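In the two complexes below, chain A is the common chain; its partner is chain B in one and chain C in the other.
Up next is the complex of A and B:
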């Protein structure tokens, strides 16, 4: 019996050690690529509750339904508050030079095409940017470097590539070694004092809940804190369905108005 | 006072060690001294003006800004646009800068047939004539760009830096402002050297930064000047190194203790605190001059120095106490001011003056025991002759002197209504300093640097109601044509631009959306398109909004009038909301009010206390008589302020209260001697002349020290102190005239004291 326990113990210990060594041996780039691959869904449906909280703790919330197909098609419909109910937002060829954005405003009974810098700003008035929300593609925009692990989490320092257009100069990401989902990301901007460069913390994203949906690990509750503005957004994802085989019909102007 | 002297001699070792210990303690507290140059200088923490201002900044954090501008003959030329883009990116690296808005970074909302485009106003730098024409048209149609990022004549370019210091507590500290404006200035200096452009800087943070720099420079310079002055004067009077070093040490330690106490109590250094350095040194030194002078006279009459010293305590102790005390009363009266900087100056200067008295009474006499060679008494023969002549003159023309002085007093008093009050922080700076020039530049070419903010507070979504928004529009229109208002912005301007863009940019749609849903969806559209600037004008919940008026430079009366007009209209139109008026102009207005209040209250209190004290010393008739020679310098100061003019500001407001405390000393000295002589002889004329001969020289020397002392303020880089220096010098000189001409003339005619009266 004792022998068995010892053997089992040794095996568990050995496994842990192997896991740990394997994890330790992963390069920064490998970790980042695994993270990027984590949410490569074919399509996705969810209801998102967005709670915006300002520095005086005033709250404002919105509820939307989100459909995505691949990386390139997105449809958002507003459910609440009442005065924007029915507003639809369709993005085609997202993140490409051919990107097209259409907005349907029921009060004006019109579909308007929006062009230009919309993407640069925040995601629907929240503290998240489109970059934060969009399918994560860290390895494309950042050069990673591994920092010492913290509390069994990989810690990566991501420095913006020279030719990248992302909004932040440096990120520090804590990534869960089990599921390769970032649990916390700090966003930094370069500031210069007397020719000395330093990084100033601008935002902190914390993932408060991760759920397993089909084969994907997805963050379902995220908090983004904007340090400068003392402003916070909580995103809660609900009724998530993935890889349902959504029809292309959904991502058309006709459906946008419905 | 003899007993006091005996006490000091007996416990001298103990006292000296005590002084040393307290001095070391004071040095330890020096690092606690922090500077404060912003609105907290003017308002106490619970002042409604400051509370409203803080609440405004809490609500609209991004409302703080710094402005950079430069002239550009052809701002749309390729090289100019490339440069502007380069500079904009450089400025983004400045700490605490959240956003940099310029022609090359600003977004424009454009309506097209198919839809709407939110794009950079300027997308490329090589522009054809037609493209420039098109951009100019778009600028004309966007109130946030025209007159804001480019002047109306298209010759001056402006860059707006939105500042968000890390957290609320950081916001007001000088350290944060240094971290922002320091690097900003370095970048601009380098850019100026490289590009040959002249940059202009504006905004509250810039003013605060410049003020801090000047205060640091001034503190050192004025301190050393004052120290140098007292060393020279002491040497000229006594010609003995010990008689220079120990008195100087006593006032230096008094200053050290005062600053130590200030540090211990976490009282901040305000621009006004600079004057502490000069005032304590210059005023405090008078005690030593009196003590040493007396000792000089007593030494030959006594066998040993100890007895001479005790006699010195006996004779000079009480007058020194009284003169220090009246000066402390003058400063102390400032402690009732609603302006914290003035109040603190009053408290700490009083402390410093009394400390200087105490330290002089301990250190100077003890040092006299050490001096090898007692001083040779030099007969001030010339002075005696001069004052004898003045005495005869007074006797001969006493009526003329009295009539003339009454006429002068009346004439000078007519200047009082002409006195201007200036509560603007800008007036700290001399004319011609870069900051003043820059502010004038912004005022003339762009919209000015100061603002008036109207904050409306309602309920959740209050400001999505089209009727309410229409009212805001009407309110804005009422002030649009005002000559002192360069621009008015609020959230409705965004709504109009969005509405127009939703209707193919047709000018007739430059209006507020008609329904609540349209408003809400326009706002959503704006946010979805990445727009964030509207947060500067409305909160997330749309329960609070602000209407921002950018103001040109204006005089106090214009400011008072326009703010009154705004208040009246706002409370009439926005009855259902809580209306707050704030912004730099409103702060200046309230500061101005506080200055006037300070002047009345402190002057009133000083007059009551000091003439109360005079009545106690000299009786009712004596008290009343002492008013006349002292009204003369006061009337002169106020008349000068009205006629020259010198505006009443945070520094000049203290002139009257502190100078009365000083020049009443002369009156005390003269009246005491007169009473003594009159009591002995019963003859007004003789007493008048004899008293003049005895104290005339001392009055002259002390006035001389004080006049030169106050003239040190002319070396300050702060305009307000130059004014203070001139006015205080005038006060001291005219007070001397009052005490050597008017008071003697009066006393020689009117019987005030009894024969054989108290000594």
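Up next is the complex of A and C:
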């Protein structure tokens, strides 16, 4: 019996050691690709509650429903507060040069095409930008470089690619080696003072809860903190469904206004 | 039945229909939501020694009901307190409806049938807004609903009308067809009477004085042959959304069709003004897209007129002179762009060739620029709008600063002012009396 326990223990230890050795050998690009793959769902549905907390700890909240299909299609319907209820936001060909964004305003019965520059702006007054919501393909927009691991987590420095239009110039991401989900991301922007460039910390995102949904490990509670504004947003995902075969028809102007 | 009684009767009818609809939809197996808002609006005219021009409280109610995946209904109504007590005689003091008068407006009430009559087609029937065009409020191809000029703060606002709309989605193409059975004229601004008297005064023979002015309006008859039709084909080409549209109906802004001046003595004339709504066809093209992060849009309308006459008849003591001008086919357009800077500063600029009320070849150019910046974690929004009337030089300017405060969820308070200046005879000169300061508060639920 003791022999069996010893053998089992040895096997488990060996597996862990192999995993750790393999993990240590992973390149920055491989880690980033594995991280992206964790969110590589065919489609996704979730209800998102956003709690905004200002520097005097005053809270307010927002609620939206989010549908995504692959990396390229997103539909957001605003549920609360009442003054934005019914507003819809559709993104097609997301994160490509052909990206198209539409906003449906029920009060005007009108769909408006939104300029690309608007996606850098705040999403419903939260600390997330339109770009942050539903977007998580880091490999496409950033070149990774591996930094020394910290507290058993991979640490990557991601620098914006020259042709990318994302709103941040550099990220530092702490990634769980077990599930390849970022547990913390620091967002930096370039600050220019007298022709000197430096990276200034703009936001910090911390993942507080990770859940396994079907085969995917997904962050279901995140906190985004805006350093400059001393403001933070807690984002909680609920009723998550993945790979349920959402139709392409959902991501059309027809459904945006329904 | 006098006008007051008719109004009261209609109000009760509308209330009844509203309650009935809500009750029916709530009792059926429908997913029904009731939302609305409360809005307070106080305005003071600065040109007129602090006279209150608006003193309104509005309760807006919106009901949306989805009976099934295929059928849904929507209704929106407003109950608005009128600006002042309506007291014209001592007996009015005994009437609550005169002391605290209230207006009721059914803004929209329509039924949606999705996938009807074909799976790729949606039908919407009822009182509805059909918004066409890509420009920001300065639309040139949006001819289906009449203008509502009653509130200068809501520039370019339209009135929903009873209509039937069919939208067919075939691949990347969207084909929309609409029918508006009965013509509805635009609601004209409060300065419209001034505009008529100024036009009459400009046509008076020198040395003559006006004694009486009679004005009448001729609307198209409510007949099937006068129904209005429109169609639009939209699709995306090379990343830009484009539409071709066609409208056959009536211009909803009145045309001064006939001005008859009759000399009643050697120095005095009486005037009769007849206004009508000429038949028009509008061929439209619009485009919207984004280039290097800049939002771009364009709208162009070719308007083909039918018997669009403006006639001035001068009956002198012994002779009659008739001057006739015909409004020929013409083109109007709007070009615009917007951009959000990395610091969230937003700019939106449009050039409009041919303002809403202008027809013919002699069209003015308007430049509208709006600047926005949100501060204090988007608790406050600063907006500055400038409208310039350009005719080789700027002959009129409208300056419109506004500050919006969001003190709590679904709540906004706006403080703004309108300052209008125009050279004599310009469009904005007539509107100078509308200089005002306003305070609005809105809570949505």
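Brief remarks on what is shown
Quick note on the criterion: the second predicted complex is superposed on the first by the 234 of 258 C-alpha atoms of A that agree within 3 Å, B and C clash if a C-alpha of one lies under 4 Å from a C-alpha of the other, contacts with A are read in each partner's own complex, and residues count from 1 in each chain.
In the analysis below, contacts are C-beta pairs under 8 Å (C-beta built on N, C-alpha and C of every residue); 3 or more make two chains touch, one makes a residue touch a chain.
Quantities reported herein were computed from a predicted structural model and do not represent experimental measurements.
In this overlay on chain A, chain B clashes with chain C. In the superposition on chain A, A:98 makes contact with chain C only, not with chain B. When the two structures are aligned on the shared chain, A:125 is found in touch with chain B and with chain C. In the superposed model, A:83 makes contact with both chain B and chain C.
Chain A has more of its residues touched by B than by the other of chain B and chain C.
In the superposed pair of complexes, A:161 makes contact with neither chain B nor chain C. In the overlay built on the shared chain, the residue A:228 is in contact with chain B alone; chain C does not reach it. By the touch criterion defined above, A:60 reaches both chain B and chain C. Contacts of A:109 after superposition: chain C is touched, whereas chain B is not reached.
In the superposition on chain A, A:244 contacts neither chain B nor chain C.
When the two complexes are overlaid on their common chain A, residue A:258 makes contact with chain C while staying clear of chain B.
Superposing the two complexes on chain A places one of the chain C stretches 134-142, 206-214 or 260-268 into chain B: stretch 134-142.
Once the two complexes are overlaid on chain A, the chain A residues touched by chain B in the first and by chain C in the second are 54, 60, 81, 83, 108, 110, 112-118, 120-122, 125, 229. Chain B meets chain A in the complex at residues 58-59, 61-62, 93-95, 98, 107, 114-120, 164, 166-167, 179, 182-183, 186, 461, 464, 502, 513, 515-522, 524-525, 527-532, 539-541, 543. Against chain C, the residues of chain A that register as touching in their complex are 54, 60-61, 81-83, 85-86, 98-101, 108-110, 112-118, 120-122, 125, 165, 167, 229, 231, 252-254, 258.
Contacts from chain C toward chain A in the complex involve residues 35, 37, 64, 72, 112, 114, 122, 128-131, 134, 136, 167, 169, 174, 236, 239, 241, 288-290, 292-297, 338-342, 344, 374, 377-378, 408-410, 412, 442, 444-445. Across the interface of their complex, chain B is touched by residues 52, 54-56, 58-60, 78, 81, 83-84, 87, 89, 102-103, 105-108, 110-122, 124-125, 190-195, 197, 200, 227-230 of chain A.
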